[in-house]
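In the two assemblies presented below, chain A is common to both, partnered first by chain B and then by chain C.
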Partner chain A sequence: MITTDTHGQGICLVTPNMPRLTAATATAFKDEVVQMIDQGYDKLVIDLAEVSFVDSSGLGALVGLLKRVGTRGEIILCQPADSVMQMFRITRMDRVFRFLPDRAQALDALNAG
Partner chain B sequence: MLIIVADDDALQRRYVSVVMTKLGHQALEASDGAEALALLMQTEAQILVCDLDMPLMNGLRLTQEIRALNLDRYVHIIMITGSEQNEDRKHALDAGVDDFMTKPFDAATLRVRIGAAARLVEHERQMKEKTRILHEAHERIRTDLEAAATAQRRMLPLGVRSIGDYGFAAAFQPSTFVSGDMFGHFTLGPGRIGFYAIDVSGHGIKAALTSVAFGHLVTSEYFATHATDEDGRPDPARLARVLNGRFHKPDDETYLTMFAGVLEEASGDLVFCQAGYPMPMLARPDRTVRLIGEGGFPIGLWEGAEYHNLSLRLQPGERIVLCSDGATEAEDASGTAFGEERLSALIAQETDRRTEDLPARVAAALAEWRDGRPLEDDLTVLALERRPTA
Partner chain C sequence: MQLFSATIPPDLAEVDAIAPQLTAQAQAVLPEDRLPAFEIAVVEALTNVIRHGGLAPGQTVSIALHRTPAGIEAAITDEGPALPPDLFAPRPEEEEPDPFAESGRGIGLILMCTDGVTATREGGRNRLVLRFDG
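Now for the complex of A and B:
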């Protein structure tokens, strides 16, 4: 359900292989990412380019991951669709997550941090 | 097991019967096809041993008649033929015969063939029993869910309600029996109205448990106590803060979005807090529709989240329409979401119609958009109107 690309220093690039992050897929998505976090990858870039729709359960899963990495780790989201970004704005989660335009910039930011 | 033995040859019939009885089965004898058919309909027999050649109704016709009956059980037919009747066997297979025995046959052959048929009958019985148990369990769950759905609907102020110069109307459609949506409106004290709508993340039973818990918690007294500040001024953001503390659980991602408002009846002054709920639409008599609110943290998602109040003045003839995200996210056959623009246009079109009918008409338009496809998420439409001055 996700493709992972691990880098050094606990950094992992996560690509959800699903067009919709919803009640039907959110739990499996979260469980797979949690496995990576448990293996020590707590600096994550989640590339949302392929995800056209996120519902309330999907948002819950992403926030759950953010809580999971805690203050030790970090999650950077990139390339959210307009409608997905709209959901982050309405729920103010745009202030909780860090966004960067693409995965390269996101990885640079994590490497620098 | 009950077995019908059909043969016009009394000696052979008797022989087969005796072997059956020795094997522990109960044999019923028929001397022709018609008699066998009658026995089959009178009993629950599931195995028939029949000769191909019989007067009146031969084995082939008998098989055709049995298959045409469409009984609620399967009848295994073992046909006895002569060794030269290969062509007849093809017809018999077409007609629905399951197995053959060639004359002459011994008790051992008979035992093996009946044993095979009995295994299939037993297997079918077990499958039927499993289906029955599943069906019963399904019925029990469905009845339970229907009772839960009724209980939930009873909590909601459905229908049309007037408080002074203000009118409320709502439509409520769970996606699966029960809903993660909930709403309420009440008189908070002289000249003051409180209302809210919530949408719990996800849908189905888990979301409904939270929405119902919320509905029981947030009574008019609770709302009146927590949605005002120390000086008694409207402060729905305070209510959101209190609820956020109450619903936040570190190990659970269930959260809810809420819109809560306190309305002063005389002036139409509305103070509201939008806690992640979709932006309501303010519709004016001049057919303009605008979104209100700026977004805000949902309830129970982020510990210590800050909430803010906004305010507006509702003029006579103006309406506020709240829709859960089940409205904008409703998809047509091609997967296109209904979206905010269409919803806004729809509400603008409704300007000259009665507010009382608006929620049902929005729900109907969304149903048309989905074109028979089931709701993916719970739907609530809550309309509030300040009646026009006469």
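Now for the complex of A and C:
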């Protein structure tokens, strides 16, 4: 369900291989990413380029991951579609998550951090 | 005028399958920038019925889209037990969920993304109508 590309310093690029992050898919997505966090990858870039829709369950899964990495880690979301970004704005979660335009900038930010 | 009608089993994957079809229908009626809110509200409503509606095996959920003078209405009906009467009552601003809550946003999202919500009980079925003005 996800593709991972691991880098040094606990950094992992996560690509959800699903067009919709919703109640039907959110639990499996979260479980797979948690496995990476538990292996020590707590600085995550989640590339949302292929995700066209996120519902409240998908948002809840992302919040769960944010709590899982805690203060020792970080999550950066990149390339959200406009429709996905609207979900973050409506719920005001755009103020909770960090967004960067693309995966290269996100990885640079984590490397610098 | 009815634009669309379908009946689905209470399976969350069915919501993902049908939602793009519903949004495609709404595209002819609502402005482009309203479509994400339309899809969010309809998906949250269908998901809520399937997850929390208490449907027995074999029971189904129906959804119909109607074009109205003001825009579009989505009517969701199910055969589950009656909904709590205040489920869709307007919520004060201070009742916004904790930003770090992992659940509990669905009903609030439905209220935020629609121009009106009507929940009724008719003939042993729940009928939820979501109104979207164009």
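Throughout what follows, the second predicted complex is superposed on the first by the 113 of 113 C-alpha atoms of A that agree within 3 Å, B and C clash if a C-alpha of one lies under 4 Å from a C-alpha of the other, contacts with A are read in each partner's own complex, and residues count from 1 in each chain.
Just so we're on the same page, a residue touches a chain if its C-beta (ideal position, glycine included) is under 8 Å from a C-beta of that chain, and two chains touch if they have at least 3 such contacts.
None of these values were measured; they are calculated from a predicted model.
Q: Following the overlay on chain A, give me a clash-or-fit verdict for chain B and chain C.
A: clash
Q: Counting only touches as set out at the top, which of chain B and chain C does A:Q9 meet: first, second, both, neither?
A: Neither chain B nor chain C is touched by A:Q9.
Q: Touch test for A:K67: chain B only (first), chain C only (second), both, or neither?
A: both
Q: For A:Q105, is the partner it touches chain B (first), chain C (second), both, or none of the two (neither)?
A: Neither partner.
Q: More residues of chain A are touched by which partner: chain B or chain C?
A: Ranking chain B and chain C by residues of chain A touched puts C first.
Q: Which partner does A:Q39 reach: the first (chain B), the second (chain C), both, or neither?
A: neither
Q: Based on the superposed arrangement, let me know which partner A:T91 touches: chain B (first), chain C (second), both, or neither?
A: both
Q: Quick one: classify A:A23 as touching chain B (first), chain C (second), both or neither.
A: both
Q: Answer with first, second, both or neither: which of chain B and chain C does A:L59 touch in the superposed model?
A: Both: A:L59 reaches chain B and chain C.
Q: Could you pull out which residues of chain A sit against chain B in one structure and against chain C in the other?
A: 23, 53, 55-57, 59-61, 63-64, 67, 83, 90-93, 96
Q: In their shared complex, at which residues does chain A touch chain C?
A: Touching chain C: residues 20, 22-25, 53, 55-57, 59-61, 63-64, 66-67, 82-83, 86-87, 90-93, 95-96 of chain A.
Q: In their shared complex, at which residues does chain A touch chain B?
A: Spelled out, the residues of chain A in touch with chain B are 23, 53, 55-57, 59-61, 63-64, 67, 83, 89-93, 96.
Q: Going by the contact rule at the top, pick out the chain C residues touching chain A in the complex.
A: Residue positions touching the partner: 12-13, 15-16, 19, 35-37, 39-40, 43-44, 47, 50-51, 96, 99-103, 105-106, 109, 112-113.
Q: Taking the complex as given, what residues does chain B use to touch chain A?
A: Contact set of chain B toward chain A: 199-204, 250, 253-255, 257, 276, 278-279, 295-298, 301-302, 305, 325, 329, 337, 377.
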